[in-house]
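Structures for review follow.
Next come two complexes, and both contain chain A; in the first it sits with chain B, in the second with chain C.
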Partner chain A sequence: MEYAIIHNNALIHLDEIPKLNYDAFFELNTGLVRDHPERHCVSYFGYRSDNSLRLICCIADDNSCEIFVSSCQVSCRQQLEAMTSRALCFERYEREIHENFGIAYLNHPWLKPVRYPFNRADRSQAIAGYPFYAIDSDELHEVGVGPIHAGVIEPGHFRFICKGEQILHLEIQLGYQHRGVEELFLRRKKLLQRVTLAENIAGDTVAGHTVAFSQVWESLSGMEIPRDILFSRTLALELERMAIHTGDLAALCTDVAYQLGNAVYGRLRTPLVNFFQEWGGNRLAKGLIRPGRNTFPFTEQLASRLKTVLDTYEPDFEEMSRMLFRLPGTLSRFERTGVVSTEDLLSIGAVGMSARMGGLNRDIRSSHPSLLYETLGHQPVIKHHGDVLSRVLLRRDEIRQSMQYLRQLIQQVPAVSPETEVPVSLQPGMFALSLVEGWRGEICHCAITRPDGELAHYKIKDPSFHNWMALALSVRNNEISDFPICNKSFNLSYCGHDL
Partner chain B sequence: MLDNLKILLHQGKQFIPDVTSAEVPGVFRGRPVISAVAADGEKLAELCPTGAITSSPVTLDLGRCTFCGECARQFPEKIRFTKDYKLASNDRNRLIIWEGVDTPVVVDPDRVRKEVRNVLGKSMKLRQVSAAGDNSAEWELNAANNVQFDMGRFGIEFVASPRHADGVVITGPVSENMAEPLQICYDAVPAPKVVVLAGTDAISGGIFEDSPALERRFLDKYPVDLYIPGNPPHPLTIINGLLDLTRKG
Partner chain C sequence: MLSFLLIVIAALFFTGIINRTKSIFSGRKGPGIFQPLKDVMRLFRKESIYSDTTSFIFRLAPSVYFSSVVMAMLVVPFGQSKGLISFSGDFIFFAYVLALGKFFNIIGALDTGSSFEGMGASREALYSMFAEPAFFVLIGSLALLTGYTSFHEIFAAFHLGSPISYALAVLAAFVIGMLMMIENSRMPFDDPKTHLELTMVHEVMILDYSGFDLGLILSAGMLKFAVYGAMIVNLFIGIFPYQYAIPMFFAIQAGAAIITGGIESFMARFRMSHNVQFIFALTSVSLLIFFGALLILGKFS
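After this line comes the complex of A and B, so read on.
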């Protein structure tokens, strides 16, 4: 067997992951994804072992619910043929491996820095010297935006090449948010520290990343998770999706100068985040989710409170949405703006919302389900035009869907299970992987343990890792004045990417 | 037009009339109170993920606290979190909560720079810089300006250009990669430059403290006018802190 087959949240002994030579590894993984739209790479990373580098590649098959894991031992001084030359979806993974370990890939389009991590292989490279793509022409001009933007948002640099008002090319340079999160997972030894780190990977996706971390931890420590915890996590993920989508609709209204929409959606988000606070004491769900523990049990009282919140939310939301999608002024800005084709989404390996808005069905809740998604019978919402309007409509429909799931879930609140001791030791020499569909899309956390049970490696992938490229493609041939709505309609994470 | 008015009417009154006395719903982990009862201080200190708790005497530093509530969960007799959201101060030492002392966290009026109250008392424009913030404090700063919290009614607003700003609000633990942009932005702000640190990550580094990816020397160079604790800070914590800084009694 060239690869090991695992399922979401499964555990596998490191020795059971086949070690191939690079040629076989290359053929296997590029062959798995090429001409197979149902497969995509969920994680590909390197970690140092025995004075060399072990590359681990995980390809998920959305039809069979399987994940194919293979590996390859290489030296950092080796020259390797880039898998990107065969399949574009490996492009950023290979840049990352190059940046972290110095591997010189052959036939890679451009091994640009990804995030300038503190432990990069070449410390002489600094973020101020980023090599932008440029075109030398008297007819073109460049527009640079950031790292600090006009609004209260995270930093990143956007470099446009324009002909008049029209964008020919956009390059997005990230890395400003790098905090060394993955390394800190190894340095911080206490579980509470590590789960706090997971909560702070992306403060707008607290439920998503914390559930992923918890699932990795629980499989490594061999815990069985009772229904009430699965229930709380499903609820938190869907509530987070609803809250952020609502806030995004408000921001999108701002960007097309529709003040009423901004005010109404903006205030509709408040009762949702306030409900998080009623439940767990924090508006962004920090402190709510812990490995192996139900810290804030969801009670019948909370269920009836949530029902009231949804009952008052729904008519106002529907009234506002009817208006938003009827106004010529908003529709003309949304429609056919920032289009990405299904082929492009597939080739760059887009995931989550950014894939589903353009006809590509990528949703971990249905393809690799965990928690209570199987009982909910989740069917992903898919839009087909790949434009801003599709992304706005997707949000509206996903809000409705999440609302329906929440209503369904709270009809039967499970009894609180007795608290059990959370094991502090992990199974040694293991590889664990967890996939969670956060509101942006697929979150992937991988962990490797040493022979003594300590963490040897922790790898995080936020969906934004793939999807920033979709934003860059979406603005081509659009007017530069439409950049804000394109950007907001994706709403990607800077810190989730930079780690 | 009529439909728009109908929607407006259906919203009712959304704004919070008095942001200084409004009550927050449900459980909220605001200002902690440490009782004088005996407790295993060592265990308590060991428990804290960010080293915010000292053992003897038992103190809790709001500038390091992530408000996870684990200490109150394991030592309910010793520590409890109240719903008091007024946590901001201009004195770093006032963020430290002592055992047996239950007094509000306040801005020390004597330490406020004169020009801050004279010049910015009725209107203050701020430039926000996210220096590796996780987008939670940024969300709450935005929320402070929404129709409910409506900080704009006090003349406090966020602006796009540092040239139009009276100061900077920093979120995040300040990454090495953001150190230079932060400095450039600060240099572009005209005096009197107010420096506000919003959130635990900005005040102490929080869970990222001592990460080799940070570069926090900027914070040693300039005086900080206001510390706003929280992970992230609640909009009411933000608004009350900024009001206490700029308004006379």
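After this line comes the complex of A and C, so read on.
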């Protein structure tokens, strides 16, 4: 076998992952994804072992629920043929490996820095000297936006090349939010410190990242998870999805200057996040999810409260959505704006919402289900036009779907299981992988343990990692004044990308 | 003199009413009606900060812009009372003195060298260019209908001929109302509340102004609203006596402000490329008024 087959949240001994030479590794992984729309790369990273670099590539197959893991031992001074030359979805992974370890890739079309990490291979490069794609023309002009964003959200620099009002090219430079999260996971030894780190990978995906971390931790320590914890996590993920989608709808209304929509959706979001406060003491669900423990059991009282919250939410949400999707003004702004083709989404390996809005069925909840999603029988919502309207409609439909799941779940609140001891030591020499469908898309956490049971490497992949490229493609040939709604309709994470 | 005073009074509360309407429609309590005025007063007490890349043009622009609006105000009449200045052909003076102010606003924005402000300036120039024919065809038709060429005489004689002219006045009010939105960069052409530089038109041009200069620009905007409101009032009041005309003036001004607030609450903004189409379509509405004027004059029989 050239690769090991694992399932979501599974554990595999490091020695069981086949070590190939780079040529075989290259052929295997590019061959796996090329012409296979059901497969995509969920994680590809390198870590130092035995004075050389071990590359690990995980390709997920959505039809068979399998993840193909293969590896390859290379030296940092080696020159390697870029897999990007065959399959574009490896583009950012290879840039990351190049930046972190200094591997020189041949035939990589866009070998630029990703995020300027503090422990990068080439310290002489600084974020101020990013090599932007430039033009030399009297007809075209460049517009630079950021890194300070107009809405004082997160920092990122956008460089447009425009012909008048029309965007020809957009290059997105990130890295301003880099905190060294992956490195901190290794340095902080306490579980509480690590789970707090996971909560803060991206402030809007607290439930998503914490569930991914907890699942990795639990499979590494060999814990069985009782149903009440799975229940709480599913509930938290769906509630987070609803809350963030509602907030996004409000923000999209702001961007087309539709005040009513902004006011109503904004008001609707508040009771949802307040319910998190009621449940776990924090509006962003921080502290709610802990590996192996049910810190805030979901009670019958909370279930009836959630039912009231949903019952008051639903009529207003439906009324507002009817108005929003009947108003010619908003429709004319959303329709056929920021279109990304299915082929492009496929080639860049888009995941989550950004894939589903363009006709690509990528949803971990149905393809690699964990938690209670199998019992819910999840069917992903798919839109086909790839424009802003598709992304807005996708949000509306996913909110409805999540609402239905929440109602279904709280009909049967499982009894609280007795608290079990969380093991402090992890199984040595293991590789663990967890995939979670956060509201934005597929979150992938991978961990590798040393022979002494300590973490050797921790790798995080936020869906934004792939999807920023989808934004850059979507704005081509659009008016520059439509960039804000394109950006907001993707609502990607800066800090989730920069780590 | 009367029109000057009335316009200044109307300007004091116009933007306040818009903001208050918007806040009520969105379920907020909202700021008081005089909040925009208080903001301007606060800005007048503050110092202006200038960027190193700007020249004297940038400093000159707000004053020229403000004084152009005040000059335009002078020729606006009120029913049977003349404006402070009135001469034949004063509507041309009105249009181009406003254009002069806008020109300085645009070159002031270009002076900063910012790519955003350049974009905003080019958009504003484009819109003004397309809005100009609508204004001239409109006032030209009224001049043709009445046989006079000064604002005061046109408006005084507008309804003397036949009551059908009120139908034309409604069309004209629509055109002037839309010009008011364009000139003041309001919805659905521009969103004064947006924080996104890439979508701004007027707001992005004044990004670099601060303190006293910003106060001048904002107060010029408030005056401009009332000036266009006064034009709409003039279309209807004709030679009504003052005891009816003055309440009508304030009612129409307040109504215009509330309608503006309503538009900004319940409509989305146009796509940038549709703005030009829409503005150009205003000219065809003006042409309707032109044909109406020809009909009334019996040119087709």
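One rule holds in what follows: the second predicted complex is superposed on the first by the 499 of 499 C-alpha atoms of A that agree within 3 Å, B and C clash if a C-alpha of one lies under 4 Å from a C-alpha of the other, contacts with A are read in each partner's own complex, and residues count from 1 in each chain.
FYI, contacts are C-beta pairs under 8 Å (C-beta built on N, C-alpha and C of every residue); 3 or more make two chains touch, one makes a residue touch a chain.
Not measured: the values here are computed from a predicted model.
Undergrad: A:333 in the overlay: touching chain B, chain C, both, or neither? Say first, second, both or neither.
TA: second
Undergrad: Touch check for A:180: first (chain B), second (chain C), both, or neither?
TA: In the superposed model, A:180 contacts chain B only, not chain C.
Undergrad: Of the two partner chains, chain B (first) and chain C (second), which one does A:144 touch, if any: first, second, both, or neither?
TA: second
Undergrad: A:165 in the overlay: touching chain B, chain C, both, or neither? Say first, second, both or neither.
TA: In the superposed model, A:165 contacts chain C only, not chain B.
Undergrad: Now for A:420: first (chain B), second (chain C), both, or neither, which partner does it touch?
TA: neither
Undergrad: With both structures fitted on chain A, tell me whether chain B or chain C touches more of chain A's residues.
TA: The larger set of chain A residues in touch belongs to B.
Undergrad: Go through the superposed model and pick first if A:256 touches only chain B, second if only chain C, both, or neither.
TA: second
Undergrad: Can A:267 be said to touch chain B (first), chain C (second), both, or neither?
TA: Both chain B and chain C are touched by A:267.
Undergrad: Please work out whether A:484 is in contact with chain B alone, chain C alone, both, or neither, and reply first, second, both or neither.
TA: Only chain C is touched by A:484; chain B is not.
Undergrad: Chain A residues touched by both chain B and chain C?
TA: The answer is residues 150-151, 260, 263, 267 of chain A.
Undergrad: Which bits of chain A are touching chain B when the two form their complex?
TA: Those in contact with chain B are residues 116-119, 127-128, 147-148, 150-155, 175-181, 183-184, 188, 190, 192-193, 196-197, 200-204, 206, 247, 260, 263-264, 266-267, 270, 274-275, 277-284, 286-287, 295, 315-316, 319-320, 323, 493-495, 498.
Undergrad: How about chain A: which of its residues touch chain C in the complex?
TA: Counting only chain A, the residues touching chain C are 141-145, 150-151, 165, 253-260, 262-263, 267, 327, 329-330, 332-333, 337, 479-484.
Undergrad: With touch defined as at the start, can you tell me which chain C residues reach chain A in the complex?
TA: Residues in contact with chain A: 22, 25-28, 115-116, 119, 187-188, 191, 193-199, 264-274.
Undergrad: Please name which positions on chain B make contact with chain A in the complex.
TA: 3-4, 6-8, 10-11, 14, 24-29, 47, 49-50, 66-70, 73, 81, 128-143, 146-148, 158, 160, 172-173, 175-178, 180-181, 185, 201, 206-208, 211-214, 231-232, 234
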